[in-house]
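Each of the next two complexes has subunit A plus one more chain, namely subunit B in the first and subunit C in the second.
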Partner chain A sequence: MTSTAMTAAAPGAAGLRSRPLDGVGARLRAPLQGMLGLLAVAALWEGYKALAPEDGVVIGETRVLPRTSDLAMPHVWDMVARLGEPTTSLPGAVPLWRTVADAALVSLGIAAVGWLVGTAVGLGLAVLMARLRIVELGLLPWIVLSQTVPLIAFAPVVRSWGARIEIGGWEWPPWLSVALIASYLAFFPVAIGALRGLQSHSAIHADLMHSYASGWWSTLRRVRLPSAVPYLLPALRLGAASAVVGTVVAEVSTGFLDGIGRLLVSYAGQASGDPAKAWAPIFGAVALGLVAAMFVTLIGVLLRPYRRGEAT
Partner chain B sequence: MLRSVRRSIALATAVVASSAFLTACGGDDGGGGDGDLTEVKLQLQWLPQAQFAGYYAAVDQGFFEEEGLDVEIIPSGGDIVPQDALANGDVDYAIAWVPKVLGSIEQGANLTNIAQIFQRSGTLQVAWADSGIESVADFEGKKIGSWGFGNEWEIFAAMAAEGLDSSTVEIVTQDFNMNAFLQGDIDAAQAMTYNEYAQLLETVNPDTDELYTPEDFNVIAYEDTEGAMLQDAIWADTERLSSDDEYAETTVAFLKAVIKGWAYARDNVESAAEITVAAGSSWGPSHELWMANETNKLIWPADNGIGVIDEEAWNRTVDGALAAVNEQGQNLITAEPPETAYDNTYIEDAIEELGDEVDTTGADFTPTEVTLTEGGN
Partner chain C sequence: MIEQMSEPAGAADRPSPSFPPSLPGPIGVPAVQVSGVTKTFRTRAGLVEALADVDLSVAEGEFVALLGPSGCGKSTLLRVIADLETSTTGEVEVFGKTAARAREDQDYGIAFQQAGLLPWRTVAANVALPLELHDLPRKQRKERVAHLLDLVGLGDFAQHHPDQLSGGMQQRVAIARSLAEQPRLLLMDEPFGALDEMTRERMQAELARICAETGAAVVFVTHSIPEAVFLADRVVVMSPRPGRITGVVATGIGREVPRDDALREDRAFFAKVTEVREALHGSPVTGVGREER
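Moving on, here comes the complex of A and B:
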């Protein structure tokens, strides 16, 4: 999971620094660099596989470097080729990449809902804490504490609550439990980042607004919120990564059938006979993280006028 | 210019977000249900696969509907414990292994086994043919694989029955696949006849470039040992059975449909495997058919009738659970379970009401031969 989160954050950071593009060369630079990075990872994988001993490196009882057998590390070309083959031998089975892409899209949708809810809640809490010092003192420790609850303990509880909710003809769908858990992880960085941002404006600006006899809400809108943007964007990106990780983990945890998390578990169970297949949903999860990060980068483009103070 | 670009990005962003949201909503299949049917929720212990073929067949073939039930089958992921979901009142019935629920009952859950669907244990311990591990007696001092979460108790019960010291065993937690065994991290790995054992036979032996064969392995079946424990059973809420007449009636109707479902899976094993694939199993057709066939072997023939709890097998499971001490010196249970822990009334009523309509013993059952293919695809 950590690797997904890190991959998700990296390209976003690159995008943040990108300047207005001039000329075809500059336009192509980013995708080219991306391709080169991908090739470098593949070369590293194959290089290690070719050079390291079959049984990995074991010091004492602990294996410090992984095995290089085809079971543990299938060849890059085998994994890519497997993506193009049918998922199962069932007549009419779609290629593996389609199965993975379909599942990843479902997960992306759930993660998007989780991220939106998490962002709304996080922003709301941040404004509340910025407004009332007493709320910040009382609430902040609980917000930090909330992230120490392990998902394994949390997931069954959420699903159990959900199973009992029925309003009129509407029943709580299983995907909503997953989205809720994703939002639970996503709200945290947003709340912390936005709070720091809302407190980051310079005293001179606040004093000026004060001299205009401007109210708190007006100051919030004209000074605090704009000055919070440079803090908010990384927080939103962290939130997006958390939402994706939360979605995948919650899918596994609650037994949600249609997402990428379920494929991760199912294909891991098929990894003895078909080692390359187990990697397909991992690539899907990485792609999911990339798309989520790109999405936040787009928001950054929209908010560019407010990002003057950002260290780039 | 810049402004319009920004606006179109905003628009595109909104479209992506809303379409993603709609995709997520698409997973919902409406809920609700027909007014005349009683809604029932059944909690499984894992994702859809042919291990649960009878329940999915009963849905697919309309057996539940014939009994006036609208049954929703709820798969489990890693963290949903079926007996906990049942005890919490999230579901009406749950599928779970007997020893695991015995542990929950001792901790206060009020649950009753109403149908012992699997009459036999499907757990194996698999070692290499040249390993010298041929029986439970050879386990001492070895690295023994188990999935944990209560799947390890048959190992300790079998060892206790042979007077072996379980603290000499190193229990290695197994993954979802057999790689740890294939790579030599485990001397004897846990495998279900219907799943992981097939995974081994679907794997290419790097020395021969052909699939492994049964001759490559020593297979110890717990069913042949004193440690054998009862597995997939249907559990109901004890309190509701005694206080809620409607629930008790629903239970009999539910079991009638379940019996029909498993009889269908016995008589139409290929169709049953197709049904579970359609219900969301991610296995290929050959592995799924193997699983449906092996599952049938654990159920049929059922001498007393499908689901009827054999007192002797129950007592053996309880004795095993009482005797078993894990590698950390802990017991599974310390006292006999209460009398309410199992009840044959409902399954016997269901069998009687079905009469000659369905063959409930399967005395003539003969399994099919399934050819496995590489990777289970």
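Moving on, here comes the complex of A and C:
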């Protein structure tokens, strides 16, 4: 899932000036290429399954290529068909895709909150660091250090702290712990990217604004933030990917029951009896990453005026 | 002021009623007064003396070119006048105020070698930037921008973005922007340095026309001798390491003389070019050199 979201992020980072596309053919090209890529992965999967030995490839004691049994690698069509079947054998059970979609939507909501909080915190820290060099020197190492703490180490801590918070009649809901952990991952790329972007304006623009006796905040709004946009967009995309990963991992490690993280774990446990079922939440998680990446692409479209190439 | 601005540009004599100076200054106060200015930069290699004991006075409405080789401190001098750098010693006065005060009061307009337009803003929004920063009401801002774009001949490009313009057009936008607040002083740091020769000559003629219309004093940094003679009332010649003024040549070409191709062919113009070159090299140019010219 991580790699999917990251791959989706990469083209935006490289191609700040996207070529103007025109015509129906050009508009259809991207989705068509996406479909082709999907088919290629399915073909690779089935091709390997058909050609490789049942027990995988073992060199010495080490298995270098996986088993191709239906247990380890269900057929693509079985996995797709399983999505349409009922989740459990209980009477009245909803189709599997419905269960996965519901859980994925819950996770998406949590990831969105985490991303928003992370983006706000990241932007705030970046502005603070851009404002005062001393803050940058003092804070930046801690920001980098913050990301070396393993998520599963502090997830239970966040949950148990959260469980003790009660303000008035309001109790800290468990999903907020998950969102908080997601934001902890999401703020990092935003803070780093935004700081870099806020420092990227040209010396001439700085001189010009100084000659206009423009204040720091006014310069921030009119020059520094707009020139930060090309750096900010890839950062936001990375942040969105991090928020999704953070949400799924935090759901698992805090024992949150309604999201896709829980499905991933529990269906994996049922894989010996129902191997195709375990893949459903994985597809759900991939879709989650894609939706997050698409959302940031949409932001990029809205901010297109600020992505014009620097005038020569 | 609004009615005056809506008059067609270019029709008026200097000082143009369509483009009055921002504030009537006290009589006899020079636009720029630089006295005993030195500027020392601290670099890794040690102290570098960029300016040594520079005195310069620019009268109201006067066009002064700062001429010299690279590294002679002419840009530094301009930046000190603009309060983008502070002098190490000495005093700078702009219209009788400190340089910092003059900057805060927007007494000068400035243009650099790079146009320095904000790429995400349209041409009109770029010119409007200083007006917007100083809270000119929207309606007046719009009129003023339209007038300025007409002045530099870019009326039809108001809604274009900088990346859709040629280098010369971008520089014209930058000049329009520098004129936005009707400054009585223009500071220009090699504004045509990055342009090709043909564009450059056309821009020089245009700048001369605009200056005649606005009546603003100009401090113009360049390393082109013909450019300096063509535009300026006085050419201030500087030498490097440490940067100091080594000569001042009055061109004697009156403001009433049109800056056109005829002037470039004029014998008196050549004579002044030679005189400035001699001042620059510190010795008379040989007779042969004169003939060739």
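Structural remarks
The working rule: the second predicted complex is superposed on the first by the 288 of 312 C-alpha atoms of A that agree within 3 Å, B and C clash if a C-alpha of one lies under 4 Å from a C-alpha of the other, contacts with A are read in each partner's own complex, and residues count from 1 in each chain.
We adopt the following convention: a residue touches a chain if its C-beta (ideal position, glycine included) is under 8 Å from a C-beta of that chain, and two chains touch if they have at least 3 such contacts.
Just so you know, these numbers come straight off a predicted model, no measurement behind them.
Per the definitions stated earlier, placing subunit B and subunit C onto a shared subunit A by superposition produces no clash, and the two fit side by side.
In the superposition on chain A, A:Ala293 contacts neither subunit B nor subunit C.
In the superposition on chain A, no contact is made by A:Ala240 with either subunit B or subunit C. In the superposition on chain A, A:Arg222 contacts subunit C only, with no contact to subunit B. When the two complexes are overlaid on their common chain A, residue A:Ala280 makes contact with neither subunit B nor subunit C.
In the superposition on chain A, contact is made by A:Leu208 with subunit C only, not with subunit B. Once chain A of one complex is fitted onto chain A of the other, the partner contacts of A:Arg67 are limited to subunit B, with no touch recorded for subunit C. Look at A:Ile110: by the touch rule set out above, it reaches subunit B but stays clear of subunit C. Note on the composite model: angle subunit B-subunit A-subunit C, taken at the C-alpha centres, equals 150°, rounded to the nearest 10.
Counting the residues of subunit A that each partner touches, subunit B and subunit C differ, and the larger count belongs to B.
By the touch criterion defined above, A:Ala155 reaches subunit B but does not reach subunit C.
Across the superposed structures, the minimum distance from subunit B to subunit C, using CA atoms, reads 14 Å. Of all residues in subunit A, those touching subunit C in their complex are 202, 204-205, 207-208, 210-214, 218, 222-223, 226, 229, 305-312.
Of all the residues in subunit C, the ones that touch subunit A in their complex are 82-84, 103-104, 106, 108, 110, 112, 114-120, 129-130, 133-134, 161-163, 165, 167, 170. Residues of subunit A that touch subunit B in their complex: 67, 69-72, 86-90, 105-106, 108-110, 112-113, 116, 151-152, 155-156, 159-160, 163-164, 169-171, 173-175, 179, 251-258, 261-263, 265-274, 277-278, 295, 298-299, 301-302. Residues of subunit B touching subunit A in their complex: 6, 9-10, 12-13, 16-17, 19-28, 31-32, 41, 47-48, 74-81, 84-85, 88-91, 175-179, 182-183, 195, 199-200, 202-204, 206, 277, 280, 282-286, 373-377.
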